[in-house]
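Below you'll find a set of structures to go through.
Two complexes follow with chain A in common, the first pairing it with chain B and the second with chain C.
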Partner chain A sequence: MTADVLKYHFTVVGGDFTSAGKASVNVKKLLRQLGIAPDIIRRVAIAMYEGEINMVIHANGGTADLEIYPDSIVIILADSGPGIPDIDQAMQEGFSTAPDNIRSLGFGAGMGLPNMKRYTDEMKIDTEVGVGTTVTMTIRL
Partner chain B sequence: MLIKTIVDLLDANVLCGKELLENEIHSACGSDMMSDVLAYVKEQAVLLTGLVNPQVIRTAMMMDMRCVVFVRGKNPSEDMIELAAENGLVLLSTAERLYVACGKLYAAGLAGDGEQS
Partner chain C sequence: MLVKEIIDKLELEVLNLADGEREVSGGYTGDLLSWVMGRAESHMMWVTIMTNVNILAVASLRDLPAVLIAEDAEIAPEIVAKAAEQEINLLRSPKSAYALCVGLGQLLA
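Let's turn to the complex of A and B:
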């Protein structure tokens, strides 16, 4: 099976809200070229886009890895940010720790993580306060 | 509803995508909060918003939207127009406020409830 996996790596630049989402745009184009179904592409793109925005807002950027298997697409978002002290709280729609200026940019409504969960089949959060967060999302094909 | 009908109903300026005005729209969403927009997938949708920044264009692209209407006479930057044009997105600008713009489209038969994924 390992011979059939395609891997792509992206860097998400921190502190640059204007360019946040560029990796997701690239992933979208890439999956289209690979002939992946449009509804799957949309779910991958939205989940990754929300994750990218989160990393820009909270963690001064990070990395995004995409792994495409014959039966699934896995997105791994890793940062060295502040970590999430209470995951259950962070998963609640409407809960946000984003600063006010982010809200004026159209984000920070506490929908990021819930949206990522909504659009993926599996989502795992590994986090340690002061160390960083890794979110692994799987979408089955 | 055709995009050109939206142009007529809202007396809107076409900022890019003049060649795409015959395309059809099946649902609509009005919000300044992009996270809320991203919460529901709708087919062939138009986004009405008073928010003007590049994330509006990216959000619309992620959602496979066809058209974005900027309300209250707001105009996006050249960079935003370029990004939209490259990705086949129609950008419109209207003097109407968000509530009124949404109301006019709804009254003309464009419902808000697209299919949820």
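Let's turn to the complex of A and C:
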């Protein structure tokens, strides 16, 4: 039986800042319709938005998958971008390789990954330089 | 205090008013989106000079009661239209972010 898990799939387009965040906004609506608690929705929305924007800015896009289980929500963000050479460094508040043109849009504070960690119960980064990055986040219900 | 009362008292320009009845009991100011995303709360009016489309995603995902653009920063009509679509309260003032926060702080004190 797959009836107790709901799965949703989104494509995130790289370099497109006008619709960046779209998948997260859709997920938020979806979770609201499903009657998920507001505090959980807020955490999912923040974590997914930051991950989505990272794929837009740093990885030329990717995919976002949302899996809703009876006891948890799992967000999987996968890209075929440049990878992250040093995860510890990338996780530090304030660390960013965002170029100037992106910073002028308000990105590049180096707070995205820390936000993702802070608002989820579990976060795992699988990355390989030149191959891509997959971020898996779990929020327990 | 309600958004519509704050509009009156601080003489704000209304770019889009989706719900004047939203309650505001605090404020947040900043222009770096991830910072706002991580720190603002859904009872806070957000004061910023950023006017690109990404402010709408942040406001909507964080359920902010209003975005208040300081210094009369220019904003494209498409973005105002999008705020209407997404039902985000979007306000503006010629005052600086500092002056607006001081004003808001006095109202909420």
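What we mean here is this: the second predicted complex is superposed on the first by the 138 of 141 C-alpha atoms of A that agree within 3 Å, B and C clash if a C-alpha of one lies under 4 Å from a C-alpha of the other, contacts with A are read in each partner's own complex, and residues count from 1 in each chain.
The rule we apply is simple: contacts are C-beta pairs under 8 Å (C-beta built on N, C-alpha and C of every residue); 3 or more make two chains touch, one makes a residue touch a chain.
Since the model is a prediction, treat every value here as computed from it, not as a measurement.
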Touched partner set for A:Arg42, first chain B, second chain C, both or neither: both
Touched partner set for A:Gly21, first chain B, second chain C, both or neither: both
Which superposed partner A:Ala64 touches (first chain B, second chain C, both, neither): neither
Partner chain(s) touched by A:Ala78 [first = chain B, second = chain C, both, neither]: neither
First (chain B), second (chain C), both or neither touched by A:Met123: neither
Set of chain A residues, in rising order, touched by both chain B and chain C: 17-18, 20-21, 24-25, 28, 42, 45-46, 49-50, 53, 105-112, 114-115, 118-119
Complex contacts: residues of chain B adjacent to chain A: 32-36, 38-39, 41, 49, 51, 53-56, 58-59, 61-64, 117
Sites on chain A touched by chain B in the complex: 17-21, 24-25, 28, 38-39, 42-43, 45-46, 49-50, 53, 103, 105-112, 114-115, 118-119
Chain C contact footprint on chain A (complex, rising order): 17-18, 20-21, 24-25, 28, 42, 45-46, 49-50, 53, 105-112, 114-115, 118-119
For the chain C and chain A complex, residues of the former touching the latter: 31-35, 37-38, 42, 50, 52-55, 57-58, 60-63, 86
